[in-house]
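A quick write-up on the structure given underneath.
As written, the chains take the letters A, B, C and D, and residue 1 is the first residue of each chain.
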Amino acid sequence: MIRVAVLGAGRIGQIHAANVAANPLAKLVAVVDPIAAAAQSLAGRLGAESATDAEATIRRGDVDAVVIGTPSDTHAHLMLVAARAGKAVLCEKPVDNDLAKADEAVAELKKLDARVMMAFNRRFDPSNIELRRAIDAGDIGEVRQVIISSRDPGLPPRDYVAHSGGIFRDMAIHDFDMARFLLGEEPVEVYAKASRVVNPALMEEFDDYDTLMVIMQTASGKQCHINCCREASYGYDQRFEILGSKGMLMNDNLRPSTVRRYNATETEALPPLLNFFLQRYTDAYRNELDAFLKALDAGTAMPTSPSDGRQALRLAEAAIESVKTGRSVRV
Amino acid sequence: MIRVAVLGAGRIGQIHAANVAANPLAKLVAVVDPIAAAAQSLAGRLGAESATDAEATIRRGDVDAVVIGTPSDTHAHLMLVAARAGKAVLCEKPVDNDLAKADEAVAELKKLDARVMMAFNRRFDPSNIELRRAIDAGDIGEVRQVIISSRDPGLPPRDYVAHSGGIFRDMAIHDFDMARFLLGEEPVEVYAKASRVVNPALMEEFDDYDTLMVIMQTASGKQCHINCCREASYGYDQRFEILGSKGMLMNDNLRPSTVRRYNATETEALPPLLNFFLQRYTDAYRNELDAFLKALDAGTAMPTSPSDGRQALRLAEAAIESVKTGRSVRV
Amino acid sequence: MIRVAVLGAGRIGQIHAANVAANPLAKLVAVVDPIAAAAQSLAGRLGAESATDAEATIRRGDVDAVVIGTPSDTHAHLMLVAARAGKAVLCEKPVDNDLAKADEAVAELKKLDARVMMAFNRRFDPSNIELRRAIDAGDIGEVRQVIISSRDPGLPPRDYVAHSGGIFRDMAIHDFDMARFLLGEEPVEVYAKASRVVNPALMEEFDDYDTLMVIMQTASGKQCHINCCREASYGYDQRFEILGSKGMLMNDNLRPSTVRRYNATETEALPPLLNFFLQRYTDAYRNELDAFLKALDAGTAMPTSPSDGRQALRLAEAAIESVKTGRSVRV
Amino acid sequence: MIRVAVLGAGRIGQIHAANVAANPLAKLVAVVDPIAAAAQSLAGRLGAESATDAEATIRRGDVDAVVIGTPSDTHAHLMLVAARAGKAVLCEKPVDNDLAKADEAVAELKKLDARVMMAFNRRFDPSNIELRRAIDAGDIGEVRQVIISSRDPGLPPRDYVAHSGGIFRDMAIHDFDMARFLLGEEPVEVYAKASRVVNPALMEEFDDYDTLMVIMQTASGKQCHINCCREASYGYDQRFEILGSKGMLMNDNLRPSTVRRYNATETEALPPLLNFFLQRYTDAYRNELDAFLKALDAGTAMPTSPSDGRQALRLAEAAIESVKTGRSVRV
């Protein structure tokens, strides 16, 4: 039984804590949040202890592993505290929104030979697992092009935009990770073009963008396109298309039901997409935690690493540079 | 070059005449209709002669084959005239709406060893051809159940209902033929239940029904269900589902475009179905005529026979009897 | 907090027990099974007590409600024991496989004014809930025809066939219930035709069938077709199609992923269907239990009743009679 | 009746000649090809005269309009001959593969106030017409992103590659035109990245590419992505996705039938796509000619112009420059 503390009782912490509590390999020991009431409420519901001091909890003798769901700028520090204390870590992205700091943390974690997994939840979605499995099985031959469409249901609130780190670091970073996951090779060149068509005034205020397109290419000539938009009237949209030498694979989004409607103005109409990422990726979050626990239990390699987190951030930085220069950027 | 006269310049005659004119194996010699203006207009457009006397036209020396698209009660007579004159025939269903008369005509045509094909257009729809091909190729193993859904876009006008011969003989007869086509075995037992839910007053006036369900079974235990309704708000609907021991096949309807619509209330919404049978079965009518001409040209067996027309009618009669008695009827 | 005992630690009892344990409205008090080891194993995993005496457990003062997942022939008795002890009941179908005994139990439960819900899980599938909601909202106008396709992935083992009560009582009974659920009106006439095409020898041995078709009609003329087969190579298949005066609704089956495959021989190919009913109806079982608990908590009417169980069985009996007589049967 | 001569009896000329012959607004006067036998064979089949001298035929008094389906390097010259003779023109793309020559021709045609339509067949595909109609109707609000996937079924023969002008001018040019058609605004910036993954040796030999990705942006910030590949194992693939502020539209490809296959390894499997562009765009070619004839008949503006041809070529040239420089190119 792996004894786990969850750091952060916000919406992502709640997901992880409930998954820890329900997983037969784990025991939820404690939930930590600087807001004591939040920690107590979540811990109480799941039969765990609550605390406000993350570092003290990490060092508890009855804690084997921690799940980090705290604000982005604490990730690197908490991972290092845990690694130094010999604890395993599942940490939400990013390593850090600053590439230099992320690099430092990744290097240090490597030196410590730490057991750390970065939480790229989309890799653990059942359909995305199947995409990777089918590619590995040779179902479509050699991968040639990957097309990623990624759209949020609506603009986040002003306050979120102010501190998000921008659309490339906050939103597209998931797509950069999926690009690496699906290409099976590192992109060596990145071009990006960004635009303000959803809410130009808000975007200009924070020097951010709401709409973007990216092209990346690997050394062997595989290509990847990403398109993102902060608003899609029909719901939270994440699609992947992989063209290979022998075939093509596509996933589809999830909907609340499979009911199709026919009437005088339409046929085959399905409901809008699941609108919220926590609902959309319920299975993915559960699978992600399970993969973390199984790797710990079996002593096998972590499915994702801080280095993966760093690489996604590096691609995001290259994309930002490309937007500024109008040139493709070598990575 | 097969020299063809088309009898009847109504909507079905217009389809056949245009297909004859465009087919490289045939030459359209004449169009016949008791309404001279109708015959002239159609013939003029297609560079053929017009006439008002069907029998005289059939006997012309420069006519090798006739396509019969005249009213139902003239079919048997005109087929016999043509057969006796040694002309090949493509005749619209039914042989006759009266089973005894149909039987007589079928027997006589057999005696004459006539080259007659019954025009069951649906068998020549590209998707239905593919259904049969896949069954014959063993793709789904042994056929076990066939489910046929067949719905008109809307009730025909009062006048048509008055003379249609009833929903079983007029509408479901196509489905009885498709059942035989897809089962690959003769049904030996028929049960039917009919209902009046679209326009009960009109249906009662003519002792007809607007909605029906049928179950048939073959000697070896294969089953077929047919459901029909005179009204479907979303268009002209004809679907076939064939369950076999190793798989299942389904066709889909045709739509004016492939465009899918996503918005705040729906995703994957396609346009309504093609609404009119002439438009829906454009390819089927062309393929049907082509199959007729090719069989003539090659001297091979006709793809469908008057006996097929008789069998479909026999099943319709059995269904009507079943509705009256509440029992299944042996055929 | 509703204190619940689960009777039966077989595969259905395991589902219910886990759902009780995870539901915030309930506390799992005990798991009962005559095989002590089975009860202990399940109870231990979920932090509940185990027992082997169902009646004694029902009567415990700290048990408010029981979930009955025991063999069919114990359902009526255990429901009555619970009802007399003033306990609420969620009971798997059937009330009893014998209609007379079922009638007796239903009458007695009514007299006792018992809080009993019959577990027709399919009514609680998210897509089926949506079908009913859309009908109630008037989205498709008046219901005219319901088509139900229901296929098991494969024949049950010989031993199961021997004691199942036959395909109508064991398998089609779910479809009879769904027919009532979707028609929104009682069928008054039933016709059925059954066949042996999957394993004729086995079916003859037990005077059972592996393939069937049913037509039912309500007093107002609404029609329903059911087709069942004990074997479908592509997985566990349950589809509903509802034709109304203003539109049509269809559900679809669930698959393990949404990945579509394109290659030289096919496009849009999805994986086979989820193959096992427990997996297919995971959400339905959870929703079902939740609806039971919420009705108890709120003191509102049970979503389904023993009378629903009795009606489904009555339709199955009528279908069996129809198969024997070749006539439709009034109910 | 518009009297038409078709120049070129190759595969595209054959399509146009047959469509002219079948169109009620037109009369096919002559078919011209330097290979007399080719002209004779096609003309003979369609009841027209044949000739080998294009210019003489253009100048015939009984020719009102010409369709140009000759090699690319003759287009500009023949358009000018026809324009100077006062004849209307439907000309296959490109105006010329050399941008300077194309510019010159476009300017001259403008000066002559010539009635010239460029044959961008994809604009006339029924689903693409519907895409444009739905955008114009405001169904999806403001267009924000257009994603174009465009793949040939297989590499053209070596000889074709040698003279095609390269993948951007030969293949992607259709996509550049569709981008303009769907964006409804001119792109002002083009970035492209090209790759050799299908047949690197062949591509290097001719300094060409077999795989590419493009990003374009308009002045108002609308974005367009194009991906092309010379090989798709599943058939000729052309898909358009348009994200707007209120919704999204997608087309689908065409298949030879609508039959879906279910078995132990897959469900919902459709056949591969129509494999050849003449077959895929049958309706589009017919609609295109019809639009040309209707505009002539009604004296209204041509649906597409030489200037459209020039603009598509300009975008292709910009893309080629971008590939060479690694920078986005302003147009």
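Criterion: a contact is a pair of C-beta atoms (placed from the backbone, for glycine too) under 8 Å apart; a residue touches a chain by one contact, two chains touch by 3 or more.
It should be emphasised that the depicted structure is a prediction, and the values quoted were computed from it without experimental measurement.
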**OP:** Consider the two chain pairs B-D and B-C; indicate the one with the greater count of contacting C-beta pairs.
**Re:** B-C
**OP:** Would you identify the chain whose Cα-based centre sits farthest away from the centre of chain B?
**Re:** A
**OP:** Could you please state the distance in Å, as a whole number, between where the Cα atoms of chain A are centred and where those of chain B are centred?
**Re:** 57
Subject >> Separation of mean Cα positions, chain D and chain B [Å, integer] >> reply: 39
Original post:
Which chain A residues sit where two or more other chains touch them?
Top reply: 233-234, 246-248, 253, 260-264, 271
**OP:** Mind listing the chain A positions that touch chain C in their complex?
**Re:** 22, 45, 126-127, 129-131, 134, 139-140, 246-254, 256-264, 271
Original post:
What residues on chain B touch chain C, complex-wise?
Top reply: 141-142, 144-145, 147, 149, 151, 189, 191, 193, 195-198, 200, 211-215, 217, 220-223, 225, 227, 229, 231-234, 241, 243, 245-248, 326-328
Original post:
Which positions of chain B touch chain A when the two form their complex?
Top reply: 233-235, 253, 255, 260-273
